[in-house]
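First, the structure itself, so that you have it in front of you.
As written, the chains take the letters A, B and C, and residue 1 is the first residue of each chain.
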């Protein structure tokens, strides 16, 4: 390979590594935003028209649209009560696959809530995200979240990990 | 340094960063695979002949060989009962050291299990992995896992972190 | 851009990606060090004169200086009792922003402790780190940690995530 080709390959490979790290930052900023009541900023992690579908608790599995409808979830009374009790929306390290300007990610997530002198896992779930590079950086198109209740639907969502890691 | 040398150095440094990200993906795909009952795919994270030694629960600390013997662990009745109740085999972000085509990693791991409307930590452990680059990408050679029971053996395994981060 | 310029840009971008991965390693080595009683090595994650301020438990929020005063925290009787019972100081994946030779990071952290056949969350907290590149690699200048008790101070610390991810 000539110098020009090697430079081009380095540039595109490096951009993919940077994308991976930026998506790690993006998905790990969700928790501190929703737990501090930063509803607008949390919803802005999605593209306009993006969605979040979660089951369990107040969610019925239907897609909630960003930014307005999603922001109102974080402004709701039950969420405000949770974050004033003390909570962590914890996202585990996601496995991430990037293809050009699109990406997908899979990870567990947990909602941790204070009760007296301890913290307990109120929710445990598996998540699949699709993401897109925008002019403002990476943003979420869709996040699907299923409680770890042993159901076939939860196991099916876990198995999306296979397409995420198979490309490597 | 001349152009040729700078390109070569960039290529080898970038490959190490990519290796780091690929190993993050590999180790974080373990949970969704075993929790969804994907026994064959989970065992394929190891090289053929690779091993997993864990203590506590059904493990006596002896090395279980991949892929056949290890897959049968995930197909056993107790594991099936666990994953149909609702579980997360959570791997914390590992510290990783890469030297050429070999790597080692250290991280905590947890087994989270549903009980009624909550999830509890059934296991908490420290892990040390050795890995190797194969034609199919990075694979595990050995994983050693010790319960966090305050024992000297568990503390000794934690201290392997020193060789992982000292190279930097 | 000419070859020289492209090489220089690749070199500085790659260094930032490597910095990100090295800081991940650094912050994730904290747990195994303090949980194994490696007090000196844990304190050496800070620059000399660096500090750790935490609230809750034995902490009153004041800054404890590294290395001596901080090492003595990990050598104290209550810490020794904790690690001989079985514990994990778990650092969640941090969001990281690097600007030249300085960096900041934000992440949740948890202290997990064994009780009979289970493990419980004794502490859950939000953390903000400032870091600096030294001749020995990245080191912590300051770590501030606040319990997740629903207080305005804990929410304010969470909102530092906005400056970490806004630069991208």
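We adopt the following convention: a contact is a pair of C-beta atoms (placed from the backbone, for glycine too) under 8 Å apart; a residue touches a chain by one contact, two chains touch by 3 or more.
If you're wondering where the values come from, they're calculated on a predicted model, not measured in any experiment.
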Point to revise | Smallest count of steps, each to a touching chain, taking chain A to chain C | key: 1
Check your understanding: Once chain A is fitted to chain B on CA atoms, what angle does the rotation have, in steps of 5 degrees?
Key -> 120
Practice item. Could you label the chain B-chain C interface same or different, taking same to mean over half of its residue numbers are used by both chains? Key: different
Check your understanding: What is the distance, in whole Å, between the centres of chain B and chain C, each centre taken as the mean of its C-alpha atoms?
Key -> 22
Study note, to complete from the structure: Shared-interface residues of chain A (touching two or more other chains) are 3, 7, 10, 14, 17, 21, 92-93, 120
Review point. Chain B touches which residues of chain A in the complex?
Key: 3, 6-7, 10, 13-14, 16-17, 20-21, 92-97, 106-108, 110, 120-124, 126, 147-151, 154-156, 158-162, 164-165, 168
Revision key, fill the gap. Interface with chain A, chain B side, in the complex: residues 3, 7, 10-11, 14, 17-18, 21-22, 24-26, 28-29, 31-33, 35-38, 41, 83-88, 90-93, 112, 114, 118-120, 137
